[in-house]
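Structure below; questions to follow.
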Amino acid sequence: MKLTKFLPLAAGLIVLPVLGFAQEVEIDMTPPNDEIGYIFTTFMFLVTGFLVMWMAAGFTMLEAGLVRQKNTTMQLMKNIALFSIAAIMYYLIGYNLMYPGDGWTITNVLGAFSPAVMEPVGVAGADTDLTYASVGSDFYFQLMFCATTASIVSGTLAERIKLWPFLIFVVILTGLIYPIQASWKWGGGFLDANYGFLDFAGSTVVHSVGGWAALAGALILGPRLGKYGKNGSVHPFPGANLPLATLGTLILWMGWFGFNGGSQLYMDTAGNVADISRIFANTNTAAAGGALAALLLTKLLYKKPDLTMVLNGALAGLVSITAEPLTPGLGMATIIGAIGGVIVVFAVPFLDKLKIDDVVGAIPVHLCAGIWGTIAVVLTNSDATLFGQLISIVIVGAFVFVVSAVVWFILKVTMGIRVSEEEEVQGLDIGELGMEAYPEFAKG
Amino acid sequence: MKLTKFLPLAAGLIVLPVLGFAQEVEIDMTPPNDEIGYIFTTFMFLVTGFLVMWMAAGFTMLEAGLVRQKNTTMQLMKNIALFSIAAIMYYLIGYNLMYPGDGWTITNVLGAFSPAVMEPVGVAGADTDLTYASVGSDFYFQLMFCATTASIVSGTLAERIKLWPFLIFVVILTGLIYPIQASWKWGGGFLDANYGFLDFAGSTVVHSVGGWAALAGALILGPRLGKYGKNGSVHPFPGANLPLATLGTLILWMGWFGFNGGSQLYMDTAGNVADISRIFANTNTAAAGGALAALLLTKLLYKKPDLTMVLNGALAGLVSITAEPLTPGLGMATIIGAIGGVIVVFAVPFLDKLKIDDVVGAIPVHLCAGIWGTIAVVLTNSDATLFGQLISIVIVGAFVFVVSAVVWFILKVTMGIRVSEEEEVQGLDIGELGMEAYPEFAKG
Amino acid sequence: MKLTKFLPLAAGLIVLPVLGFAQEVEIDMTPPNDEIGYIFTTFMFLVTGFLVMWMAAGFTMLEAGLVRQKNTTMQLMKNIALFSIAAIMYYLIGYNLMYPGDGWTITNVLGAFSPAVMEPVGVAGADTDLTYASVGSDFYFQLMFCATTASIVSGTLAERIKLWPFLIFVVILTGLIYPIQASWKWGGGFLDANYGFLDFAGSTVVHSVGGWAALAGALILGPRLGKYGKNGSVHPFPGANLPLATLGTLILWMGWFGFNGGSQLYMDTAGNVADISRIFANTNTAAAGGALAALLLTKLLYKKPDLTMVLNGALAGLVSITAEPLTPGLGMATIIGAIGGVIVVFAVPFLDKLKIDDVVGAIPVHLCAGIWGTIAVVLTNSDATLFGQLISIVIVGAFVFVVSAVVWFILKVTMGIRVSEEEEVQGLDIGELGMEAYPEFAKG
């Protein structure tokens, strides 16, 4: 072999390991170009969006499992109808009310009144306003949050509210109340601009809003017949189908990965997708913390642990982490969720003491844990201020509670919101719908 | 400071804002390279594919909820079995019958008879024929459509058909009938080539096909005992478990995002993913339109709104938008869906008038709304012609109905397709399977 | 027209078709850069991870449907609690025990004891150790496998085990037993390094581990009262709600796409996503094979086919393909799954002969089919050796069975693991929890 042939080989033998090593450390972390980023983020919205849509099934099963069998068909009907109404109202006015861009009707307070438009890419219009993801995917994702808010209300008011006034309230909630207050934070309105309010995925903007609307309704509607005795006794009305309630909880648990994860709003870089990952992990551990806290606490308080409290504990854990699922570590997320679970265990009997009848525990879960979660942001995110969080909780709460109460009151005095005593005793399924949920199963 | 040092700084101060502005408007919309596009599209098929697979659970729950309790185990068995059979038959012959490529047995009419093969990337064979996505992902996605077709049939014929002849029919439907007619459109056959037939995700190719097969079966099988009285009266047989039926509907609603969205077939550019986004949004609003139309219409017609009609209204809305989920705007999609809901409310009693007994309403939902949806394509897509749509509806319908009728008839005269009267009264669960679905719940 | 103007046009006419052809064949298959690959793989972990999380709902519904109604609330409680415990334990010690990297406590045998940490991208720490995907997404995905193992145990021991000792066992299983043995293969420990053990997604590492732990528990706990008569008779205790059991099976079927697909661990190239696609298709067909095998075999053996066997057959098919879902073709995957289905049909009565009482058939499905699947790897993957597979099955089995038995025994002699006879007859729901699952349905 000639030396001239040998030389490159020798050089190769020397250089190769070096290149091998070089390859190992030289990671090409160049963010994707805008179009690839657009595809990533848009697809992320679609995937997390269908998970949030799936929460509609979660609420439906949870509520169908926790009402008595005689009111089950009605609860199913309300949930299908409210989700459908949310879809239409959010299209007709909600989306543009919530995201006015530069087109506020009253700057930073009231958005624009116009239907949502989704133009194909390349056509002048909506899609040019949102270059990091498709407007259609954003609309789809945000719509599901609006629908979630309405789902929360139906659980509290179950077993006694008439179908049609409830649906009219849903029209107003999803078309006006929810999007207007959401614009204050997520549309860049005054809570965002002036108070530095932080609410990552909506402990306040979604969950407490549903809770306030439900509380206003519960107060004006009154408790179910026989729920509260004269001597302060509370009559339990156990749910008819606990496997359904558990299924509903697990559906919500699953859907919440979309709820919190998608609220990252971007998946166009390694940093963003890693953030979404930590959000998934934190969301899961907060739910676990809430469930275990409720399990241990009800064992301690009542000797026998209470399944419905454990389910609501998991949900409260999820609501608690929703305002800030990104900045906590796993341990802190577990604790934040666990405190949510504790809150539920105490809030449920406390509401009963006040004779506020909440059939599924939606107010403890979504309002009480929602407030806690919103405050807890200050524990791990230094951009949040206690004042900004508290003032925003109060402003949103006051707005939603007052407007909801007015709407409920008008509905009450005009068309009536409560079924007759006879119908309530017989069950809403027969009275209002003429259709039983379990027609063949004998009643025990 | 020397002037020579100052100059670049000054230049920078002048140039920087310009660059800043430039960065803001210069969005790098360069489509991904082929491999990145391949990953995007393949993963999209997998995600939308598992959503469509999930529809099998939707049909199972819908049907289990709408039959009487004494036939529930059988309905569960049929659904698990038909989905499994579809998987095997589509692999053995269906996939290649449906996508013959250049290998037609009869050009543009009958594909090739051979099992599906999925080779690893880089190996000569299947994967080289489909360079925009993995053959495996395409097979997986398309299989789920084939299974959906079979699911439609099982609902109509519930509560009286024997297990084994039903499963033999499923073998023929999923192995021959479905893939052959699907090849005419989606495999590039004569409906596609000669008539410009447009059916985006299968209002005709999937849903009406299931409906025609079900209709042929219902006519040959006859109605359930006692369903139709001598004086024209119709005896209602209410479903045993409406929460399950509602869950099934919501599962189908969720799965339909995959059904319609994945039918875009590409997710390799911003334009494609934006299209998928609008498809998701349109699919959702069409379901909402269908549900609300059925809600309002049954309230109007019957005073008390009917939950099962509302569920079927939502499904009809979904079927209606399936032939063209991309070109309509949100408003038009809502209307197309709503008309689907109206169709169901009128088609269900009309079928009863004809004494065609469809246990779950699959013919109104999948056949009637499927025809409507296929025609409705001409409203928003100028590439579609009314003639092309109608002739295709007729050709597919005639083929599927006639072949199905022949198969049902042969099954009837050879092995019999109907259980004995005694077994039907007692319930198929005990008679055919010896296993009750709810053994511990007393019958009312 | 001058010749000089004509020339380029003529050239264009000649060149264009060539370019057109060139465009068609020149596919740019350049793998994505590392950051894009990172986003793809991380998002894949999140999507497949939420599918595996969904399996928790599958187990919950399967078990809730297969126990008697008087023990349903307890089964729901156990499933929610075990999933929550798995989340906490895997965070506290499991994840780092399972993936010690360079930090083994005993090299290749025992990992490190420290909580999981997920740092943001760019921060020194965890995320720098895993450059192909986010640590958070890996943690989230792997946690779900740990939880699955615990879910398997709860089904076998249903209807007689006390809540708290069961949960203490879950703490040890998810915190120690599962992660330690998993480190031997997936953490790069001695089974991986010394025996070339192949277990793609965990037929052994997950499913048989759950099965061994359940078997140890079943032996020490003993069968349910009245299950086995003195003369060798076996008393069937039919499940209370077969639609729930079927729903659970379909949920598991869906979730398994994530279980097996995500175990590819990379989605950064066309090759990897094509592999995931074939895994999805194989997983589906194996389940179908298992279901159909059980259907045909129980028809043959018992005249009337058995729904619960068909459900377990599908699950056994899924377990069987889990050790190697990638290398088989569709036909082979179907056969591997079908053999799993056959195994279940024979294993269930065999266990009864041994008076080992497994309420839901988890041992036949997860242990027996898990062993089969692990051995079946050698049929299609030439990198596997029969010796390596068998020795690993034995080592993992011996470890898990012995440690589990010791833990169960200690729990038995200290706090007792079995409810009183009175409570067992009355049902655990009233005795242990004071809450019925279906309080309003009369018992037949």
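Each chain carries a letter (A, B and C) given by its place in the written order, and its residues are counted from 1.
Everything that follows uses one rule, which is that a contact is a pair of C-beta atoms (placed from the backbone, for glycine too) under 8 Å apart; a residue touches a chain by one contact, two chains touch by 3 or more.
None of the values given here were measured: they were computed from a predicted structure.
Superposing subunit A on subunit C by their CA atoms means rotating through 120 degrees, a value rounded to the nearest 5.
Interface subunit B/subunit C: under half of the residue numbers present appear on both copies, so the contact uses mostly different residues. Separating the CA-averaged centres of subunit B and subunit C is a span of 29 Å. Counting partner chains per residue, subunit B has residues 36, 47, 241, 247, 438, 441-443 touching two or more of them.
Those residues of subunit B lying in contact with subunit C across their complex are 33-36, 38-39, 42-43, 45-47, 49-50, 53-54, 56-57, 60-61, 64-65, 72-73, 76-77, 79-81, 83-88, 91, 115-118, 120-122, 127, 131, 134-137, 139-140, 143, 163, 241, 244, 247, 432-443. Of all the residues in subunit C, the ones that touch subunit B in their complex are 27-32, 36, 40, 44, 47, 51, 68-69, 238-243, 246-247, 249-251, 253-254, 257, 261, 267-271, 273-278, 280-281, 284-285, 287-289, 291-292, 295, 304-308, 310-311, 314, 329-331, 334, 438, 441-444.
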